[in-house]
Amino acid sequence: MRELTYAQAINEALLQNMERDQRVFLMGEDIGKYGGIFQVTAGLLDRFGPDRVMDTPLSEAGFVGAAVGAAMTGMRPVVEVMFIDFTTVCMDMIVNQMAKIHYMFGGRGKVPMVLRTNIGAGRGAAAQHSQSFHAFFVHIPGLMVVTPSCPYDAKGLLNTAIQEENPVLFVEHKKLYATKGPVPEEFYTIPFGRAEIRRRGRDITIVATHEMVNRALRVAEDFSREGVELEIIDPRTLRPLDQETILDSVRKTGRLIVADEGTVTCGIQAEIAALAAEEAVQYLQAPVLRVGSPDTPVPFSPPLEQMYIPDEEDIRAAVERLRAYL
Amino acid sequence: MELSRHQLLSLYTTMVRIRLFEERVQDLYARGLIPGLAHLYVGQEAVAAGVCGQLEPQDYITSTHRGHGHVIAKGAELRYMMAELFGKKTGYCKGKGGSMHIADVSIGILGANGIAGGGIPIAVGAALSSKLRGTDQVTVCFFGDGSSNNGVFHEGLNLASVRRLPVVFVCENNFYGISVSQKQHQLIEDISVRSIAYGMPGVTVDGNDVVAVFQEAGKAIRRARAGEGPTLLECKTYRWRGHHEGDPNQGRRYRSMEEVQKWMERCPIKRLEQTLVAKRVASRKGLQEIWERVRGEMEAAVQYAQESPFPEAQDLYEDVYV
Amino acid sequence: MRELTYAQAINEALLQNMERDQRVFLMGEDIGKYGGIFQVTAGLLDRFGPDRVMDTPLSEAGFVGAAVGAAMTGMRPVVEVMFIDFTTVCMDMIVNQMAKIHYMFGGRGKVPMVLRTNIGAGRGAAAQHSQSFHAFFVHIPGLMVVTPSCPYDAKGLLNTAIQEENPVLFVEHKKLYATKGPVPEEFYTIPFGRAEIRRRGRDITIVATHEMVNRALRVAEDFSREGVELEIIDPRTLRPLDQETILDSVRKTGRLIVADEGTVTCGIQAEIAALAAEEAVQYLQAPVLRVGSPDTPVPFSPPLEQMYIPDEEDIRAAVERLRAYL
Amino acid sequence: MELSRHQLLSLYTTMVRIRLFEERVQDLYARGLIPGLAHLYVGQEAVAAGVCGQLEPQDYITSTHRGHGHVIAKGAELRYMMAELFGKKTGYCKGKGGSMHIADVSIGILGANGIAGGGIPIAVGAALSSKLRGTDQVTVCFFGDGSSNNGVFHEGLNLASVRRLPVVFVCENNFYGISVSQKQHQLIEDISVRSIAYGMPGVTVDGNDVVAVFQEAGKAIRRARAGEGPTLLECKTYRWRGHHEGDPNQGRRYRSMEEVQKWMERCPIKRLEQTLVAKRVASRKGLQEIWERVRGEMEAAVQYAQESPFPEAQDLYEDVYV
């Protein structure tokens, strides 16, 4: 199959949706002539013109709120917030408006929009351009939160997101933008709430998101050679979360590691660990371990930043710890 | 442009409906029948009536925490409103929203909003949407003087101006954001000057003169509908009640009763009444009949609300997602 | 000892700090003449004048950011954000500035300020005035998060917060404002990171915050009569969190319930459950249960809102479930 | 008021230091020696030099993502800056902040900021603080045209105006926010008109004329110091490089090379040079010596940075809390 990068896959999903559905349009900062800071929207302005690919002023609350209003009145906006760090300047629009309107209005009115943004450190962009606090959006009822880990999923999940009637936080990962993978040319969707088992194994379950999936897969190869078989589950959407697939695996292996790039305290890792402690405690044969970023802001200096990012070493260390319980 | 008899009576009736609705809420609230927060619109009726009097059914509004007047003027049904305030299942939001969240997208009401200024970007988006869909719908965005200091005011007006969107920003300057007077919260006198920051026209009007509001709003709305872009329309007015029901002594902590008194003498309804009678558009008796009729509607609305059931347990979990 | 309400206790802490330390001043909406929407700052304007008790324009990002700047330059601001729901309009100032400046600047500069706000439903104020998403602030390194559950703690913890060199989120609880309890007149502090064991018991550990503490205590009385002894731990500060006290108790009882008023998914409950699953899994004799708000926005209608609020019934149901494991 | 020889040469030297620092960064970045993001200030030197030339050491500034010029002009040491850009432990932020977060509170630099507009409320708070502490410190708040559309601009300026705070808001209008031209992001031409919204004076000045900037900034700063409140000072200028190093072809995606060329001809350093020579304040040779001396400083700074150690592992966990 043809290969695309993660960024290209997202670009293609945007393009195909805009072709199929006149209601779909894009707003964001520097998504037009510039093509988006990560080139995700490159070429779309030329193709669809400035009414459907809108470069906005530097006003996240303004344009995210405008997307809410447009979505309520018949459009299907897809907005780009350049970095998840900047969702803080439009948090009211996300948390109090976008997420709650359908409920608050007793089902009158809906907000079918997608907010695309990205997480992840590793580009030397320091504490205000490198965060991964997507767990907060999972904490807010009314939102759906999507975390594609490969080009194929990026396209399929974004197609689903744009067709979805509910507001979706589509959380991309900076490190993945340039990674390649097979992506069908045709339009396809991937249902929300269905995890993908990326690797089967009997010994330890690793629930991993985004780039942590790839990191975990690499670690799994090494351990496999030593006879330890890791099962790697990619939830793909964090809300809705495919609890059953995760729990089935935990019940089978009795050992769980959760790996996500967010800081550990009150992160996604905690949610999935708590799920296991609540629904499968009697199967747990070892401590549930969490792999994630340390509880510090993201440092700039490359050696510190490399230490900061949860990587193969961190996963390996967790697996080693659980080995004692095999 | 002179207003027709029909137009004048219609403005009058709208104001009476708002006034009586709010008085009814005040009473029900005092008796503990309405829970939560109630921010009443008494004294400001001319703004909602005058502005919405210029709107078509398919036009949009965004409203505020002090929203009963706006939604009544835009055509909301009193009984669904009242049921909502009671927290009943038959209310506009099935009892889930209450006073601060009344909405009916089907008649263009994109919702009251508990976040002061929160409706501004939403209104801009609705206007963008109608422009993209190629309709001639106009959006009116209501907010207060206090909210004109919220950053979204700035972002929303700028965005609307660069895109020349069909939206009218109606700032109801009632001189207070809760207890903080306009003098304390901004150095300018006319909020309409803020339009300059966006290359947008700005107008200030006496918000207690429903005819003046109607006429100025008409200009701004026609301008928007013609594709000429947004306007900032400031209406100076006053709220008679406390910030919300429960604000002690109607705000005695931060304003004098003389000030309140002075503004009550400028009652927008009385003012129109005098014109109507003087110009022989209506007789005192004819006007009295309007009050009676509306009182009847109010009775029916309250009865409807009271007789309606509360939501059931499982309703809690519904409507989180479509 | 003299009794004060929770609101009065906070008021007294503010007053005493302002008397002791000229650098302390207050900003917020309607905190002056109005005395604060919950009357927490009543009387302070008269006492200290408008330069130290500032009614701000409706501009949370403006005044919270101003507090950051003032704190960096030698002052000790205490700001009030009327409801936690409104922290969404100043989230950048909290998450990207206040929390990160000390780290981002490599230790040059500090932000000794307190942001007071409150959580909790129950006043018919609906979805945008009743939230409890304090877990998000626990997710952000650089902040300290305090959750007083009684008047005594409110005063003592606020004293500590104002003297603290780091930025503190002081999370009050609406339902508690009117509750009374003994409060010493003198100035006293309560150290951060020390949980209080509100009740000792051998069978089940309940970690509870805010009003959930009182609810749990009432439930504990009932169960005690039936011979089931609950141990109730109030962490008092969620960051720093007194992990040891919690874990010691879990190791003793082998059963854990976490009760907080936030929505359960990705909440504080998850963090503490994950802690137990990581550090004390071999002691767990029963599922770790989470009590909190359901995953819905806060509904307005009183019967729905009552159902929404996690209460004695919810705690009781959790205890009943764990009883099977005794 | 005529500037003294000393003042003129000092402004000149500051601009040269900024220019050479940025050119050095450009080169080091291209060679992969500086990681992360670098937003260069080349072309805008007159603004930082002119404004900060009026500040006292105890005065404050808040800076932006494009902050090297501001902090150099405020007195930051080049070697600590350079070490920071390299991510070294000896840098201003021990390598934790990088280009976008240089700060030194002890000399009044309250930090560059990665959030466009993020420094505005912080500057307002610093000004509030000096007012409360009874000092005569002034705060200067730098930000760009793009950032003037962020809601915090509105909230910050309004708050400063109602409290009459000693702060000068310096908007560097370089006609672009990344790729979005001013025409696309706001309908107004002079951003200084936005001061009207806050009852604040607003001035526009040629931001490539360092003497003009120095003089206008002087007025605003004296006004602030005298307790007369804030000013919005717009300086029109232009960035020569792309938005950040790595922006292809210095921004060819969104601007013409003719436009860039036109502005390069208005080089603020050359302009001052001509005046200095014409007025015989300095000889070409004397000016050349300044460049040489600053080149030497730059060499030393780079060497310092290169020879400095990276932070160690445990540094990651330090400085989260005091």
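Letters A, B, C and D name the chains as they come in the text, with residue numbers starting at 1 for each one.
Definition applied: contacts are C-beta pairs under 8 Å (C-beta built on N, C-alpha and C of every residue); 3 or more make two chains touch, one makes a residue touch a chain.
Since we're looking at a predicted model, the values are computed, not measured.
The minimal number of chain-to-chain contact steps leading from chain A to chain D is 1. With centres taken as mean Cα positions, chain D sits 45 Å from chain B. Chain D has its Cα centroid 40 Å from the Cα centroid of chain C.
Centroids built from CA atoms put chain C at 36 Å from chain B.
In chain D, the residues that reach two or more other chains under the touch definition are 93, 95-97, 101, 113-115, 118, 149-152, 154-155, 158, 162, 184-186, 320. Residue positions of chain C with contacts to 2 or more other chains are 56-57, 59, 61-62, 85-86, 89, 92, 96, 103-104, 126-128, 141-142, 294-297, 299. Chain contacts here are complete: no pair of chains fails to touch.
Per the touch definition, chain D reaches chain B in the complex via residues 149-155, 158, 161-162, 184-188, 193-194, 196-200. Partner chain C is touched in their complex by these residues of chain A: 61, 85-89, 91-92, 94-96, 99-100, 103-104, 126-128, 133, 135-136, 138-142, 239, 262-263, 265-271, 273-274, 276-279, 281-282, 284, 286-290, 294-297, 299. Those residues of chain C that touch chain B in the complex are listed here as 29-30, 32-35, 37, 55-59, 61-62, 85-86, 89, 123-129, 294-297, 299-304, 307-308.
Residues of chain D touching chain C in their complex: 60, 62, 91-97, 101, 103-106, 110-111, 113-115, 118, 120-130, 132-133, 139, 151-152, 154-156, 158-159, 162-163, 318-322. Interface of chain C with chain D (complex): residues 25, 51-52, 54, 56-57, 59-75, 77, 92-93, 96-97, 101-110, 112, 141-142, 144, 165-166.
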